[in-house]
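Note that subunit A is present in both complexes that follow, paired respectively with subunit B and with subunit C.
Now for the complex of A and B:
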């Protein structure tokens, strides 16, 4: 009975998810079969090349900047001892709480003619205007708000590298640059590449920044084709081209890293060198710059304008918006974690090639940009609703679109998108624990689910909490999915901010933005300090 | 185990709770649903007053115009929307082409709204007007230098013009209006020469164009009148400064008139409360509502018996394009394609 051996709660849940992902993907291929529309021909002729070119350079610059910010920061806090080192150890993660689109609105405003930077420059007699609303500016903003992914992956990888290699190299009088080239960079490369990949995928997913700065990349193009040219077919074709682009990047990453990496917040005890005075100046600048521009300045800006505008923006609606945001995010994140837990368990013990491939496919979800996923999920649900009409009538519901644009649909999209993130974190924690406890429990005759709850989950606790926070922050920040798929009049903090900003009321957007950032900050503070306390023990 | 069960139950509880808070709209005896792009408090006050006068309550669904159109299309005959209220005649033209609107016959609407600001087939009716004007810095440009949109393509304006992206519907409609008036080659010449004079590749919104002029990046910008109003009454004192320093010029006064667009309302194809919906349309076009409705966004009322906001009046009267705005929808796609072809980013 081989079939029975393969069918258990873990594989069944995984297969269901697999089928759902597959069906959603099939929408994409269905879009390719139709005749090419005029809009698509037009796009291909005049715009496609620019979309590819801009996406390429945006990704390239963002990857470079975020690699530098994240790597140098992680290197400094791991290998050197200096005042406030511990503070930087967690504070460097804080920019993750600032959504890129909010940073874009803030810097766009600060550098505009009426903004503080231009005014200060004029005050000292410089009348030039720095153009942040460009491809270069956009990549800087992505790097400043997303580099913590690199910081976290690289730091945990550096933590795992043994001190001895470096000590021996130093004793052997190997030059500093050679240590970097021959030991540090090769050893950290997988982590660096994995961190940068997360940054790149988030960058391609963005819609807010590129829309506001008019940087014509793929996500911009998909919305433009759908809404301006009114052509869903062209939007789907663009999504297809974009997915090819994304898959190329993912494949490059898999080739570059080969073995697996993951981030944790735990550090090993290591002897840290003191920094010379000159190096200290450099060190504080290298740590201070991204923290300053990625977090401190945005928060000061938001606080200032929240104070100026709160009489207009602080109302009951904001309370509903907060409740909406928190409740949908908690629900979506928890379901995502549950599913990821099941998939990770299948991944641990299965020897079936089919299951392995299936899991690979499922976890591609994170690579699908929000705009594309939104198109696919929405088509999928409308189709499903139309099929389910007889069932609805059976229950006396006189409507066709029951599930379409419901919270279920939005949660579904969140789960598809963020499952990978949760899966990767849980899988990496499982690898640290190893299979022996679980196997012992199976041998003692405990069932799969019972073992999961009573053996695995308690041991996975830290990893689960970390995964929860990372996914939760991402759900709270998510804009394109929420914007397109949310139920009627259902506002979250992200859509509220976007709405104010697209009405050219950047200052009024400050209070909801500040709330959104605070949610992330609280989460980051809690997980980092939970761990810190433990380490002291 | 117990904890997990509790967590699961809590999750379920929250989802049920948040599902219940949805869609519990105002189910009075008579109510209508309006899909609206606007979100001004004064709108709600008008709807409240409307309810007081007629007993019809108004549910408002707010989202961006493109979102609302897409939603109407997807919902088909299942929609709850009776009315669609969005900016830009080009967009309404698209909604009409997608067969999302139906014709309304109302003597009151015909009397209150000038013919060119209504759809030729009566599927939508303009409620407020905005002009797309030239804004200039008086220190660097004298009023006598300015004449028409087309003149901004001349060599004296090289590197001196800013305007937002061609993906913006206001630009698309402006070019559509020209296509409706002139031969295609004429418009193509204009777009290509205008793009040649851009001081920078387009970025930001309309306000950012005005700020670029203030900053000296450019000397003239093309933008909608109401943004000058929004800046003049902004909570940011520096925006007020910009609005006060720059001047508004109505182009093409001697020729085809300044390009004007509208925010308009249409009865949806599958409206379930047709009579009450038309009542609201008539109310919003009436003298009582028009002033409040237009002033909320510093726009011109379409009803000619109602005066514009004092700031708008201070710019003086102007000649508008004598063009049925139905044409903006007709030429919308052609305009979008032409702008792409001529390299307007």
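Now for the complex of A and C:
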């Protein structure tokens, strides 16, 4: 009977997802059982240390730069009043629309020997070339395009902090630097760490930047082992080591976020201080630098080269690629949201420790880098196809690989990877709403699905839209998963851009890149301005 | 013959015992107040009755029918929440009709008009929750629960969001409404005056058990 109490639509959907995720992850252990190949022995002996070292420094530099860009920006727009503050409030998020690999192609080109920056430098007599195609350059690219994660989480946390805390500190004649050290940073630490973790996970997920800059980190190594050396076993073993690396990072994040306390803004509205002239210069530089290099320059570059190359690239194929990208992104995002809604509902009301742990496991996906997930999902689908051959034959299908490299497989991988993002957004909106509306509906005799549809969904509308946008942007931009798992001859904007860049046709990549960025900008505008409008109301 | 019977129930939350071998009963049409300070487990007891919280031991009966293992939506127990939990995206009319959608259209509207008249909300029918005063919101929450003709009505701190002046009038109104419908009602309060004004008998939670306070109306 207790089992029946726990079995309902929310738990059944969650259990199905759990089983699928579990089976996918079991592929990793299965891959370790075979004998180590020569390629793996070579990698372990001579290359693994470099992969670990490079990944560590790439993550470290990216985390530091993005923390500075994001935190300082969020601090300025929250605590100070200055011209264009509102503009910066939403514009600082725009670099999120620029995929890191596109920024890498742009800056790689601009700083190349024939690029505009090198030419300008030579024009003023500086002959030495700035090498951006390095580990340091890659981390700067990641920080410039990913810092909005830090900006958003920190700003949201600062907005919730009580103004009186800072006012009482000032009345106690505490110096500004001490307020930073003793109040601002400790109170913002959970948000800062959470934002930086997102940046780090995105950095580890990347394949486009590290491939183009030839920075030998884990995702580079996994692709290399699989596609150049043709050794899936070595790719799985590398995935295992990479997961340990990710696990260590997640543990560090948990330790840094311990004793988290949330302060809510009560009482009076925050009175923003005016910036002095000297501080204004610093403020505009601190806000302008990441916005300029993370968004404005890339967009100008892409617009310029799109105009120069559109006669070659604006064709039916681009339309086909755009339709592909938008359709699969919408479908995958909607399914992800649907599943996340069910899982979040189970999470809200369950008292079962098993279900709580199960949900933690289901929502691990975002921490798993795309290259690793692609390996595991591929193996899972190949195995499934193998088992289903008799069924295929029954329906007269001769092929042995039907689901492998199908759109179903690609969508499945997207859902697994981005379920965490959707779940977190829905869960936090549920927390704001509280359980009483749903409970009231139950006591009025309405069942779970009716309540979900009539009460929860209308009340979650803003959270759902936000979750849709965040997941949609990520699916549209996603490169490693799409590259490995897409059906043959199936391109999305991301793979098209990658293809141009691989063929050294960076300028021709501009138009699809610009389209990709535009999708992101429209989505970001939609959510930021929807929020602003609501606030004005 | 008792209408509601609670037999030897145990309930704990995060390893903290709230109720242990607790029993309780009510007669049909009786109005009972459950009195006690914050954190004593009063609201939790209401959640146990509705099925929103699960007991680890014991049995619950309404009209001799065991409801212990039924989900909340099948217990026919209405509840007015402390914050009223009016659905903000629905009008007063939609809120009231939410729990009676299974009725035929004519019956549904008949019930709606009956509830609006009873709670004196006819002119607020098309308003939304944010357009209502505290007293009006409370009456909508009450009308919504009563519309579904529950076997038992639970009220969680029904007066906590109202100011003192409003409270006296609303207490009286509530008593009249409940009596006119012969509703069996259990309400939770921390104010002895609320209990005295409305309840036929008063109980409290002490040492994890529900105990009657004799002479509470004196």
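We adopt the following convention: the second predicted complex is superposed on the first by the 525 of 537 C-alpha atoms of A that agree within 3 Å, B and C clash if a C-alpha of one lies under 4 Å from a C-alpha of the other, contacts with A are read in each partner's own complex, and residues count from 1 in each chain.
As a convention for this text, contacts are C-beta pairs under 8 Å (C-beta built on N, C-alpha and C of every residue); 3 or more make two chains touch, one makes a residue touch a chain.
Note that this is a predicted model, so its numbers are computed, not measured.
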Overlay on subunit A: subunit C relative to subunit B, clash or fit: fit
Between subunit B and subunit C, more extensive residue contact with subunit A: B
Partner chain in contact with A:458 - subunit B first, subunit C second, else both or neither: second
Subunit B versus subunit C as contact partner of A:187, first or second or both or neither: neither
Touched partner set for A:121, first subunit B, second subunit C, both or neither: neither
Subunit B versus subunit C as contact partner of A:330, first or second or both or neither: first
Partner chain(s) touched by A:179 [first = subunit B, second = subunit C, both, neither]: neither
Angle at the Cα centre of subunit A, taken between the Cα centres of subunit B and subunit C once the superposition is applied, in steps of 10 degrees: 150
First, second, both or neither for A:488, with subunit B first and subunit C second: first
Closest approach of subunit C to subunit B (Cα atoms, Å): 14
Doubly contacted subunit A residues - partners subunit C and subunit B: 454
Complex contact set, residues of subunit C against subunit A: 50-52, 54, 69, 71-79, 81-83, 85, 87-89, 98-99, 102, 144-145, 148
Subunit C partner contacts - residues on subunit A that touch it in the complex: 1, 4-5, 351, 434, 436-437, 439-447, 454-455, 458-459
Touching residues (chain side subunit B, partner subunit A) in the complex: 1, 4, 7, 11, 14-15, 17-19, 22-23, 39, 60-62, 64, 66-67, 70-71, 74-78, 94, 98, 164-165, 167, 169, 172, 200-208, 211-212, 214-217, 227, 230, 235-236, 238-239, 241-242, 333, 336-337, 340-341, 345
Residue ranges of subunit A in contact with subunit B within the complex: 42, 46-47, 108, 112-115, 118-119, 127, 129, 131, 133-134, 212-214, 216, 224, 226-230, 308-309, 312, 323-324, 327-328, 330-331, 334-335, 378, 382, 399-401, 404-407, 453-454, 457, 483-484, 487-490, 499, 502-504, 507-508
